[in-house]
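I have a structure I would like to understand better, so I am pasting it below and will then ask my questions one at a time.
Order as written gives the chain letters A, B, C and D; numbering starts at 1 within each chain.
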Amino acid sequence: MNSLRRTLLGALALTVLKPFAALAAWNNDAFGAKSAQDALKGIGATGAAPSKDIVIEAPQIAENGAVVPIEITSNIPGTTSIAVVIEKNPFPLAGKFDFTQSALPYVKLNVKMGETSDVRVVATAAGRHYAATKEIKVTIGGCGG
Amino acid sequence: MKRLSLLLALAFCVPAPAQDAKKEIQKYQQMIADGSPVELFEIGGEELWKKPQGPKKVSLEKCDLGRGAGVVKGAYARLPRYFKDADRVMDLESRLLYCMSMLQGRSAEEATKRVFGNQDTPSEMEYLSAYIAGQSRGEKMAPGTTHAKEKEAFALGEKLFFHRAGPWDFSCASCHGEENKRIRMQDLPVLSKPAAARPVVATWPAYRVSNSQFKTMQWRINDCYRQMRMPEPVFASEATIAVNLFLAATGKGEPYRGPGTKR
Amino acid sequence: MAGPMKMRATLAGGNTEVRVLMTHPMTTAQSGQPLHFIQTVTVKQNGKPVLEAQTSQAVSRNPVFSFRLKGGAKGDKIEVSWLDNKGESNRIEGVVA
Amino acid sequence: MRAFAVLLFVPAVALAQDVEKVLKRDFKARGQATMDRVLPDALQRVCNETNDRPPAELAKTLEADQMKTIAFPAGSLIGSWQNGERIAQGGRGLTWSDKPGGPNDGSCYNCHQLSPKEASFGTLGPSLYRFGAVRGNGPEIQKYVYGKIYNAKAYNLCSQMPRLGYSGTLTEAQIKDLVGLLLDPASPVNQ
């Protein structure tokens, strides 16, 4: 029960130093949500303020939706969590990354996108939420390669 | 007349964003290469290389890929080439079949039963290609071009490359014959020209993200013929090796940086 | 049995860059195949969990992740493990080079 | 083992000229892609032998032969551009992995720009964006577009464009729908 998430809700900055006590249960509600809004509600990250300090490095055009590389850096001090939401996917929440103080708020991953969509990244720092968005176009391919 | 052609130019010219699109697609390709799972296939291939198989229950570790029995390092970069023991030109896949027969005692029928795998179960050829090609990283591509049979294979490959047939009248050059063309968004390298062939031969075999599968050069040629609406080329047949050698020799000199990652 | 994993941990700019590859089908509900995907990924530095991810079926097949850990030194022990929706798991350990 | 030996001791081709012999030996029928496909017809043979640059006289004669293969339907050739857009998008037909008997598509976007809404288009063929807006949609241009799609070789002997009607890829109704896509003023191509 001593999860990072709960500690953060209390905004007790010092306790962030503590490592994860146990693997938090997979967030069924958030990952099962069918809209970006519900997904963000599921992880308790609604009402995020737009921020230029979240850097989303991704191609504007993906040649194939099966693999869309995304690299995310949060330059917001004290970032403890980054959530990746693909608005038009059937289940928008793609991942949520929780960092202790020993990890940098950075992740690079490959995601699937069913169609052209905004990708929204929500970073959490000291209990407050910040968001940045990038549109990625998914194109139809020829036979090439 | 002048006005009409100007009008046509305006109507048909490629809009400026196309340049940006090209840059973004290059960025996509760079990023998928950086985040490629291709090494997982190399691990799987090394395991198969060392696994005793066939009636003789031996591994392929004594297989001579052209640089001596058991030498894997740099071997892929020197293929296809002429092999004296078999008295023919071989690419990686045909040479592996030869070793499977000679060393492991396996029949061609059994060894070629499942040469193209799928997402869930890649084929033995795919794993082995990943491992062996990966051992040529940084080595300059230098396929055989001097032996008489290598020259013959090159000439045949070139002929095949330009040969139009089938219900759609296609040759390889129908798609890969003109500069700065693309199918959908995919750039089409003019594979008969060194500048375009070099980066291609230096990055096959490859992991394809569109179907999350590792694919060999034999597969690449096979699938082109499928899309040309032709009958199926026999795996590791002389025709396929000839096309492969034609491409490899045209693109020689580039340091190998595969196995690649493609759309 | 889960397929191979591969990990590389290197020092870059004073921090530790961890790149990890996982063999996994990551099938989606839409694919017609049984839903099968990694749900959690944990990174440990010298035995201490430092990063925890929850993931969905939207992560591509054969996942590749890069993470960055603050500081670090050659020889640090890095461990990455995953657990999927069927209870299957795998882990890989290595040292910072 | 025996099969393998056969594979090994095939004599090397002395001259590359017998490409056809090699194709017959090294290819095999699969699905609807039968072996008769490796044999070039008269037109392909000429294009192969002349590197797609046939002598003008010969080209004219053979183009006229190809023109005779086109049966132009009577009346308006403008079908449904909505259907045409779907046919232009799709790429099914005639490969060994396609279902024999179709339905097939035109693979148009592989090589041509058409509707401005589709950003993923090929450039092997010319852009056809605003094709009808520039040329109108009278009977002559309808006939040209229909014929060109049915058998491109009737207009340019060694064109790289497949003979989509002649090869049995597209039906008469489908080609009309593609004519609609190109010429109907309401088609997105002409916006």
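As a convention for this text, a contact is a pair of C-beta atoms (placed from the backbone, for glycine too) under 8 Å apart; a residue touches a chain by one contact, two chains touch by 3 or more.
Bear in mind the structure is a predicted one, so any value in this text is a computation, not a measurement.
The chain pair with more C-beta contacts between its two chains, of B-D and A-C, is B-D. Each chain gets a centre from the mean of its Cα atoms; the one farthest from the centre of chain A is D.
As a whole-number value, the distance joining the C-alpha centres of chain B and chain D reads 26 Å. Annotation: 16 Å between the Cα-based centres of chain A and chain C.
One inter-chain figure worth recording: chain A and chain D are separated by 47 Å, centre to centre, where each centre is the mean of the chain's CA atoms. Each chain gets a centre from the mean of its Cα atoms; for chain B and chain C, those two points are 30 Å apart.
In chain B, the residues that reach two or more other chains under the touch definition are 21, 35, 175, 182-185, 188, 209, 212, 227.
Residue positions 109-110, 119-120, 122 of chain D each touch two or more of the other chains.
Those residues of chain A in touch with two or more other chains are numbered 66-67, 71, 108-110, 139-143. Applying the touch definition to every pair of chains gives A-B, A-C, A-D, B-C, B-D. On the chain C side of its complex with chain B, the touching residues are 3-6, 21-23, 25, 60-64, 66. Only residues 137, 139-143 of chain A touch chain D when the two sit together in their complex.
Within the complex formed with chain A, the residues of chain D that make contact are 89, 109-110, 118-120, 122.
Residues 58-64, 66-67, 69, 71, 108-110, 139-145 of chain A are the ones that touch chain B when the two sit in their complex.
Those residues of chain C lying in contact with chain A across their complex are 15, 26, 28-30, 39-40, 42-43, 45, 48-61, 63-71, 83, 85.
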